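Labels A, B, C and D are assigned to the chains in the order they are written; within every chain, residues are numbered from 1.
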Amino acid sequence: MTTIRAAAAVPTANHLLAEFRRVRAATEMLCVGLEPEDLTIQPMDAASPLKWHLAHTTWFFETFLLLPRSAGYQPFDPVYAFLFNSYYHTVGPQHPRARRGALSRPTVREILAYRQCVDEAVVALFLAQGDAATGDLAHILTVGLNHEQQHQELMLTDLKHLFALNPLQPAYRSEPTTAATTGPPPSGWHDHPGGLVAIGHAGEDFAWDNEGPRHRVYLEPFALARKPVTCGEYLEFMADGGYEQPLLWFSDGWDTARAGGWSSPLYWQRVDGVWHQYTLAGPRAVVPDEPICHVSFYEAHAYARWRGARLASEAEWETIAAGRPVTGNFVESGRFQPAPAGSEDVAQMFGDTWEWTASPYIAYPGYAPPVGALGEYNAKFMCNQMVLRGGSCATPAGHVRATYRNFFGPATRWQFSGIRLARGGAAA
Amino acid sequence: MTTIRAAAAVPTANHLLAEFRRVRAATEMLCVGLEPEDLTIQPMDAASPLKWHLAHTTWFFETFLLLPRSAGYQPFDPVYAFLFNSYYHTVGPQHPRARRGALSRPTVREILAYRQCVDEAVVALFLAQGDAATGDLAHILTVGLNHEQQHQELMLTDLKHLFALNPLQPAYRSEPTTAATTGPPPSGWHDHPGGLVAIGHAGEDFAWDNEGPRHRVYLEPFALARKPVTCGEYLEFMADGGYEQPLLWFSDGWDTARAGGWSSPLYWQRVDGVWHQYTLAGPRAVVPDEPICHVSFYEAHAYARWRGARLASEAEWETIAAGRPVTGNFVESGRFQPAPAGSEDVAQMFGDTWEWTASPYIAYPGYAPPVGALGEYNAKFMCNQMVLRGGSCATPAGHVRATYRNFFGPATRWQFSGIRLARGGAAA
Amino acid sequence: MTTIRAAAAVPTANHLLAEFRRVRAATEMLCVGLEPEDLTIQPMDAASPLKWHLAHTTWFFETFLLLPRSAGYQPFDPVYAFLFNSYYHTVGPQHPRARRGALSRPTVREILAYRQCVDEAVVALFLAQGDAATGDLAHILTVGLNHEQQHQELMLTDLKHLFALNPLQPAYRSEPTTAATTGPPPSGWHDHPGGLVAIGHAGEDFAWDNEGPRHRVYLEPFALARKPVTCGEYLEFMADGGYEQPLLWFSDGWDTARAGGWSSPLYWQRVDGVWHQYTLAGPRAVVPDEPICHVSFYEAHAYARWRGARLASEAEWETIAAGRPVTGNFVESGRFQPAPAGSEDVAQMFGDTWEWTASPYIAYPGYAPPVGALGEYNAKFMCNQMVLRGGSCATPAGHVRATYRNFFGPATRWQFSGIRLARGGAAA
Amino acid sequence: MTTIRAAAAVPTANHLLAEFRRVRAATEMLCVGLEPEDLTIQPMDAASPLKWHLAHTTWFFETFLLLPRSAGYQPFDPVYAFLFNSYYHTVGPQHPRARRGALSRPTVREILAYRQCVDEAVVALFLAQGDAATGDLAHILTVGLNHEQQHQELMLTDLKHLFALNPLQPAYRSEPTTAATTGPPPSGWHDHPGGLVAIGHAGEDFAWDNEGPRHRVYLEPFALARKPVTCGEYLEFMADGGYEQPLLWFSDGWDTARAGGWSSPLYWQRVDGVWHQYTLAGPRAVVPDEPICHVSFYEAHAYARWRGARLASEAEWETIAAGRPVTGNFVESGRFQPAPAGSEDVAQMFGDTWEWTASPYIAYPGYAPPVGALGEYNAKFMCNQMVLRGGSCATPAGHVRATYRNFFGPATRWQFSGIRLARGGAAA
């Protein structure tokens, strides 16, 4: 992760603490209306109990900020270092991921006490240091807050998985009324002439280490779809037997879809001949104008091939996204569901759904993992995953940017992951 | 299950309701001091969340008593019929057993409301019928209460599994002081001359269908140990390499022990050279005089063979147990752990630990499963399981008797299952 | 295993060697017409390649007879002690069972050379000892020959599994014409008054250790079917939805049948609306009068329950079988398939198909495993298996008797295992 | 796959047939000295029996050349279309890959007859058409021959796996004496200034579809090691605990290595303190100067990171390889094992071992899968695999070239896969 150097807009300690309080509170706000039972269960190996997220994000500040930097700080409970370490071998052994849901203790109440204790110690540390805290300490704090925002999104996707699999199909929050769109959504393609472009993060704002270094990439001429694929369009693929045609699919994708019995996106089911989907507001009919989500990379690829198109490379995606305002349907909308596109020239690059790209998640040229325990964050996953871009309706506003690289395995479906087509240039 | 016929000691409706209230309350009392989180998690496929036990025992009364017999009764929630049916194909489809822990809803609070609603309807039904309720209705109620007592025991063994696997090793209840024993425990063998004996239930008191019919069995002369195997004796087996000698084990047992990495009973671990065990009062050192428990049938057999003895057949066990008072260390002691033997002639036949027998669980001669949904209870498990006898420290007093047949697969270890040796007569 | 004591009919060394040559040759005769490829493949974990059987039966004589008793005998290849040890921990470590099919070497030719070398050494040993060889040596030889006969049967069942799963459905041997039956087959039941009976082997003829000691068993009055269940009768069970009614099945059986997609006996498939079965003469239509085979214990139990009957206990079966001539359709008929019943009073007790009993395979009262490596043969499997009686069309004539106990797990279907009903007395 | 257009060097029908006979004979020559048993077994799911390779390569010509193009050709056996179709959904259903080793029939002899029959029909087809056969027919033939050469390499790697896992450790062929090297091997790095380069196949010679289109890539300055990593160098990594340091590994690689118990390359074992490896000439001590092989991508990456270097991207590799003579230690050397490097400037780019690159196997810009069944060959695997370059000691000479892209999953170890380091430029 790039070091934040001195610059005109140095954040003051007060500013940092305000951000700290804001992000930490936002995490807890996600739990309003949930019961302890809802926070306790691990719905599948790849997901975590919500109370684990509450504790792990706290462990992060305790481990990387308080223990090394706050003289005299004593761990809240020494066993937590084992229970809430996700996968940092540098820091020590870990409770097995698939057993995160086997822990009834600590309870939610105890974990909230843990949060409060760590919060107070962090605030005390920064108040004690004053603006001296704005160098390296500030960097660790900022990393911790961005890390916590990632877990905020996971809390929603993990909760959605838990609720969707429950035959009672409970609702999390009611869905707000969607504002009327201002005009017809865009259609067709946005062209780019190709050539030598630069992608990746540079500069002094925060970015993850995996977003840099900025480097040159040669692109053939290409075009990017002006809006993501909608549910209505995806239903055409389904109706045309898209899930039954092996030649549309990658070999691994076909096997995965067969083994899993896939015949629609995750959380969809047909009720009396009408396709419904579970949303965080409960189950309801599929809305054709909404962007498709909860599809895997395999489905995204098969859909694209069926349309005679392809997915964009991450360089293509970033080239079109760069310079556009990072606005859209983020978690703050309270919708927790993608919304129909507005009338922008190129719609919904940010928010609504993460967009699968055709790019495997690997290191950029010149990349080296940061030194130290925090360096164990992104680099070791640079294998067997695909890049997604743009954030979703579960992402906190301000968390993503044009250079942001999310990554998941190609079979992943429980994230708010969708599709945007490309054509020309890169491989179809 | 045998039909309760009219007899001298007909229970009155009032008596039945008192028993109903007592058993139902006892179930809920087990939850005192536990958190919603503790009641929600399924620690392994073979166990269930405690809140599932709370709901399933209630579903039993709703399904077999209220819905068919209480005119106008409406199900509390129609989905519960699916969620809380354990395995009654007669009644309908079931939520998969291994997914019982994937349900955060209904919450504990909602399930307690379900209990209260069903309890009130049962009471109203019996009050309305008065002593007319003492025939068939009384039988169903009695079955339901015995069924609920079985789940009371499972609640404790499932909770123990949950807590024991948690690195925090939380305690459930503190251990009461053990009363001083009145004399040295018995040792050696209790002889029996063999011959044609009768075993199995007969008469009008409640018993499970699988306890009958009473029938004759021919026994060779044999002897039964006067007390169960203790932890101290079992430590000798361990010290002699009992877990490393394949010839002591059944072939399946050896493979199971190897695959599971077994080198001691479940819940044991060595700390600084001293064997400790997790108890419901928390972890503590193994006490040599306590009966061994949390061993599988495989371990019980290997231990017996190592001692040059064998396990008793269930007919042998019952022949010795018949006529003795059904007293001992049951759940009401609040100890939740086997206690050292007293000075009886033949000690601890009832309570403390279930005793593995050498008998596979099969039907008695002349047995036929009861007709109707309640008949789906015991008969379909008469394959691949071994009989255990006598009840344990987690069994409610009054629930067991000399003819009572418990059964589990031979690899089972999370029950309070122990060992009593036999010799002579049946196979060594 | 019982020791053969001196008696009137002491076998001479010459007689023993004649029997040795006869049995060893019979094993190799089974391979006539097969290709090296047929002898090499392991069709499933529970089966073995035929060449493994050829070698393992030879290893048995080398290990238990030649190495301890023949001065100066050198192992044919020291690695064979590892490769061809089935499961004798006493003797040493073993090549994993599931990897028996991963060995292209030794080749069939090399294994036949191994057989010849061991055969010659055995003959030389006996010729050198003369009639001095008729004591303990004779016992080991006899055990080895009975062991080899068991593997002869397995060679046929394993080969059948291999060929049946091959889409080419190759035939092993053509089916001989069945002799016309002499009259209508028996029907109905053979009654027995019950009472105290004795079962198990006694005397000086060879029998396996698990057949003794002879002991008393009390039987209620019962009746045994005069002939095994036929394919035609089983088709009625299938037509009535027997595979779709959970209440007919043991719980484990139902789960096994669901998981395996069972809707008919093994090796059956419907072709143009007609049920066909693969036989060792190739696929052909099911013949209604033939006894059903290739059913599991689970299916046998479900069928019996559907008929309102039950399976016999092994004591009941043996009581009826005792004293009847041990004749029938054995392997020497060259049919390799059960044949329609003749007109005996009680038909087909021996040969045709092994008959599942309701008895779990456990030790008889007073049984103790023989001392020494040969004692590791039967005792360690006395758990999780069911007893089958009577031999099959793949059993060598002379190998079985009324006291003979075969055993397999309840899900086993690749043996020639069938059904005979009982009623009254023991559990329905 | 690119269409071969008319050009100066049009191959004549005679030339094609000579090549056909040469390649087909080379396949069969690989079987000299092997027994039918060796050709029958499937040592693991990812590998195939050698006789399957013999048949599948023949099925390829039958399916894609004879059936559509040779009037009146009748399939040798209609079931073979099912048995020997690898994964062409376009052509029809397939015998499951993991069951290829469950087929004793057709025998080796029958498959050789199949080969002869198809060979004769192909020759007849080409002779009948004369030079008219040099267009599209020639293209299919050429694809089939290149396909067969790929299977020749797999036959050796699959056989090596079979023999290496056999405790008898049989040898395939004795190892020829290695010619003395002409001078010290190169050391250090070969620098490249980076910039815009072109990679991928163009032109009229045969190449696989996945090698094109030729396209531009921007490279940062980088350096490539002048020779592959040797066993001696890899032993340093092992001695330094490379297999015990999680931070060197990708997360998936670490988990895979732990689960598989990896502590050395495949086929290595320590005997009396000395590392040995199984080679196709039998087991022998590891030779420090030989290139390391039988390592996975995960190990290659961990090794590179331990050295402070990285793997090359495929564009970097190809840029250095382009224009160099495609000579080296190929299968024709009869060595079947990598040899110590000679004294070239950049040694062993071709032959000896495939070299793992850092590049996931994805489509090149502008790539579209060929139309028709043959188009199902490469494109559907463009997910979850890594690119390897350069060929190995098991690759036929003339089969590879600078643009050739091989691909396997990152955990693959049974191919002759090795490591060449890079530094600078692309990600470390």
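General remarks:
Methods note: a contact is a pair of C-beta atoms (placed from the backbone, for glycine too) under 8 Å apart; a residue touches a chain by one contact, two chains touch by 3 or more.
Just so we're clear, the structure is a prediction, and the values are computed from it rather than from any experiment.
Greatest centre-to-centre distance from chain A is found for C, with centres as Cα means. Each chain gets one centre point, the mean of its Cα atoms, and the points for chain B and chain C are 38 Å apart. Here the spacing of chain A and chain C, counted between their Cα centres, is 60 Å. Centre-to-centre separation between chain A and chain B, using Cα means, comes to 47 Å. Here the chains touching each other pair up as A-B, A-D, B-C, C-D. Partner chain B is touched in their complex by these residues of chain A: 35-41, 43, 51, 79, 82-83, 95, 99, 101-109, 162-163, 165-168, 170.
Looking at the complex, you find that chain D touches chain A at residues 87, 89-90, 196, 215-220, 246-247, 249-254, 297-298, 301, 358-360, 362-368, 376, 380-384, 410, 425-428.
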